[in-house]
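Take this structure, written in structure tokens, and hold onto it; I'll ask about it next.
Order as written gives the chain letters A, B and C; numbering starts at 1 within each chain.
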Amino acid sequence: MSIVDEEPTHRINRKGSRVDVSPPARQWLLPLLTSSVGSKILTALTGIVLTGFVIGHLIGNLKLFWGPESINSYAQFLKSTGPLLWIARLGLLAALVLHMTLAIRLKRRAVAARPVAYRNPATVQATIASRTMIWTGIVIFVFLIIHLAHFTFGIFGMADGVKYLDLKDDKGRHDVYRMVVAGFSVPAYALIYLLAQVALFLHLRHGVASVFQTLSLNGTSCRTFLNQLAIVVAAFVTVGNSLIVFAVWGGLVTDTHSLFWEASK
Amino acid sequence: MKLDPKIPGGPLEQKWERHKLEMSLVSPANKRKFKVLVVGTGLAGSSAAATLAELGYQVEVFCYQDSPRRAHSIAAQGGINAAKNYQNDGDSVMRLFKDTIKGGDFRSREANVYRLAEVSRNIIDQCVAQGVPFAREYGGQLDNRSFGGAQVSRTFYCRGQTGQQLLLGAYQALSRQIGAGRVKMHPRTEMLDLVVIDGRARGIVTRCLQTGKIESHSADAVVLATGGYSNAFFLSTNAIGCNVTATYRAYKRGAAFANPCFTQIHPTCIPVSGDHQSKLTLMSESLRNDGRIWVPKKPGDKRHPNSIPESERDYYLERKYPSYGNLAPRDISSRAAKEVCDEGRGVGPGGRGVYLDFADAIKRVGRVTIESKYGNLFDMYERITGENAYEQPMRIYPALHYTMGGLWVDYNLMSNIEGLFVIGEANFSDHGANRLGASALMQGLADGYFILPYTIGHFFANAKKEVISTDHAEFKRCEAEVHERIRKLLSIKGRKTAIEFHREAGKLLWDNAGMSRSERSLKEVLKRLPELREEFWRNVNVPGTDADLNQALERANRVADFLEFGELLAYDALTRDESCGAHFRVEHQYPDGEAKRNDADYLYVSAFEFTGVGNTPILHKEPLKYEFVTPTVRSYK
Amino acid sequence: MNLTLHVWRQKSRTDEGRMETYLAKNISPDMSFLEMLDVVNEDLIKHNKEPIAFDHDCREGICGSCGLMINGVAHGPEKATTACQLHMRHFEDGAHIYIEPWRAAAFPVIRDLIVDRSAFDRIIQAGGYISVNTGGAPDGNAIPIPKENAETAMDAAACIGCGACVAACPNASAMLFLSAKVTHLANLPQGQPERVQRVKKMVEQHDREGFGHCTNIYECEAACPKEIPATTITQLNRDYLLAITAGGGPGARKGGAG
């Protein structure tokens, strides 16, 4: 692997003074994609996008506690954005594919870098989260497929004999509220979601802190703070998501009432 | 054997400048036709190899370590002297020159030492340009500390790791040349013989320490930068691998060995803790800037140092040498320590130790300042001894540290064998009978960066250019001898290990030819060492084969040379029937125990010619002429 | 004290290698770890067996030769301590000690506990220097260097090139070694002209040698006997990002200390 030849960083204008020019894309894109440090930077950047999505997704989901009107209208609104939604979806998909491809490639590289394992391995200060990124990542990916099949494409799961995607509320909108309630009422599904949350916590806990290190946004003294910040972000996402599952499971959220909503009789 | 020091004429201040002008040059186009072999990658070897390659010569470099960065210069802690006078305290080239001559107890060449002081200034500039992170003051200027044997602050330092940083600077310069393909590096390769054809060094025979392969290398010049021979004493502050093999085998091929008895004892090492000890650890002498050295006044006082009241402590260096106090030169403070221990006032297990106390300094400038200056040394001390030196005094004792003696060289750093250059600690040239602190780094880099690159060109310009193939009969003969010796070592299969022989020989030298020597003790060495050598060749056990990595074989091969070399050292000490600098003959001392020099009979360099193992070597004398300073009694009172 | 050692023995680069067990008897707590191995080796030689090969030289923690994985931890249990400065007083009598070589594709085993670390030399050769020939350097005080920058440079320059960071890293990455040199030179004005090229070339060589990548696990920092902080890797990441986006012009776009 080699980095392409250097390009000039400036040109001379008519008055004879130097003007900076931006380097051509191939000069920064190639090392970004191929070198160990570059790939890691890209993994961090795509990680930021995915983390942003996960947080946004959770905030949207929390509308469940305000009842069907709140969440169904939100879902309707998202759909109404049309092409914008598709741009976002494709963007997310691209980020996901890049994130995973780079991570897998880096992992393979790491495996090749230590062909013979230690007979008596030990670590001093590494967190479990930091050492299991690839595995938590894989768990999250598998879960993602299940999740999409479950709620987005409605391939399995029924509510009162009606397919999820065919559920309509009284205003004729897709009834996301009933779909979620029905989905999490099945203990096996709920369990899968909860397990995925554990993986997500670990992944974010290391990932979020790592972003700052990899993109060199941290100072010398703020590692502890960033570590705690990462735990807060990871906990927020995990607790928030799990809360929804537990709330349905525990009967706090049903077809007739939610935390801040009561069906009018 | 003719020993012509080739010192240029003229006033002292102009000798080197004039000599540089008078030396012949090799044109840039011709430089690449000359090949130089550099053995050793410490400060001298790395800096020389990098500079020679920059100039355009073909350079091949050899070191026994796995990387050139690991040569033992890396362990130098304290600093490097340079006559910069940044502190405006009256320093100058002349003062550094005089301090070094006086420190060497008037047994070094004036012209060499002056040149050393002169180029010292360039070294600092060069190292700063390479990115050596010297300590700085808040204004961004270079910081200095003072050091033993000087009354000015002229020592530049990088915390307690000056040698490391200077070596990494030279290593990086060398790496740049290796990366550019201008230097061929041979790590894990040990030089085992010098090939001399018609009186001129033509190459070396090496052994690859990974594969055991014996190989010849032919060149236009050979540069030995292989360091000193302190490990002849077994316990020293040198790295385990440091050895005399390269210089000793050059000696066996006709190079004169000069002043082998000038061995320096470093006053501030961590005392020996038991028989298992494989080496001694030095604590930088810079500690003496702030530490006060003392022992209890009463012999056999076993109280904890902190509970011995001020009135019952003997700050013996301050008492005996009021103007230099704790900064008295190395030999003087080492012998003073031995003296108080011999009186039974030594401290710690075995009673061979004195206290180095920082309590006053901590009171004066605060613990934080002391920590910033010496933190890593205190940490190291605690790791080794398990004691906290902020809370209680350190224990220190002298140990073998540096050897001023080495292969004889002329002003151009060439030995009496044409084409064989010797630089750094491996030569004898600049420190006389005693080296001042922070001067070893200075000399290594002066030789490598600023002297050899000029003088070697002069040699090439005047030498006959002819290519000698490694198929030449002499190369084949040397190779065969090396093979035979290794075969013999492996075939003995006796009952003792090489390390056992080394320990025994080292103790013999330390007890009889160490800090103080007498005719009787030296004759003891000359009697017992040959016996030990004879036993070695009959009873050593070297396991394994010669066809792969075999550390026991490497060690045995080096010990075999120490067993011969120790005799030369003792013989030199015997013939030098005076005390001077680090060479202390108990027969020659003033009533107060100071060394008594004899300028009338011994104002010369002893250079020895090899006459066969076990035979008395021939002593050649190079008279020392003092034209610019008058030898005086060295007083640090 | 008496100890049971489980030591990796491997005759050559191509030999498969295996763990072997030895008893170390009558060990003094004042011995260093390597002196303990010396005792075992002397005993092996006396029994006409080949001693355990291990790299060592200065035995005062500065040459970087020694490197042993002791019970799975590079250089053993003591913080900021090389194997040669590790003393037996830190082990319990009767302990079992596992001793393995550094494990990395870029550090092939030569024999027993000795590995080939020449990859480190090649990383430095790729750009870990300041291109200045001997002679003609300006006065050492011509360019003042803020004390803080000199200190940061020195912190990073303290690296002894032992390879513990690689050995400890679950990815066998040499980032800490690499970033230490980058940080050392990036904090000095003399290092600026080549700053961009240096980081690119060194990373390229690092990757070519077959080291893994950094995933911010920080085991390297914990293993480093010189306590080189992982913030040097932060500096490396920043310089690398600047280097590839700034293009190939001479000098760093953002000069000075990072």
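In the analysis below, a contact is a pair of C-beta atoms (placed from the backbone, for glycine too) under 8 Å apart; a residue touches a chain by one contact, two chains touch by 3 or more.
Everything quoted here is computed from the prediction, not taken from an experiment.
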Selected interface, B-C versus A-C, where C-beta contact pairs are more numerous: B-C
Most widely separated chain from subunit C, with each centre as the mean of CA atoms: A
Computed distance of Cα centres, subunit B from subunit A, in Å: 62
Distance between chain centroids, defined by C-alpha means - subunit A, subunit C (Å): 36
Averaged-CA centre spacing for the pair subunit C and subunit B, given as whole angstrom: 27
Contacting residues of subunit A [partner subunit C, same complex]: 1-3, 5-10, 22-23, 27-28, 31-32, 35-41, 106, 109-110, 112-127, 130-131, 133, 206, 209-210, 213-216, 218, 220, 223
Residues of subunit C defined as touching subunit B within the complex: 11-12, 28, 30-32, 34-35, 38-39, 41-42, 44-46, 48-51, 53, 55-65, 78, 80-81, 85-87, 89, 110-111, 114, 116-118, 120-122, 124-135, 137-141, 143-147, 150-151, 153-154, 157-158, 160-161, 184-185, 187-188, 190-191
Partner subunit C, residues of subunit B touching it in the complex: 47, 50-51, 54, 65-72, 74-75, 84, 86, 122, 124-131, 133-142, 156, 158-159, 161, 164-165, 168, 171-173, 175-176, 178-179, 185, 187, 210, 237, 239-241, 273-274, 276-279, 281-282, 379-380, 383-384, 386, 449-450, 453, 493, 495, 497, 499-500, 541, 543-544, 548-552
Parts of subunit C lying in touch with subunit A, wherever the complex brings them together: 6, 8, 19, 69, 71-73, 98, 100, 103-106, 168, 170-173, 175, 200, 203-204, 206-208, 210-219, 221-223, 229-231, 233-238, 240-241, 244-249
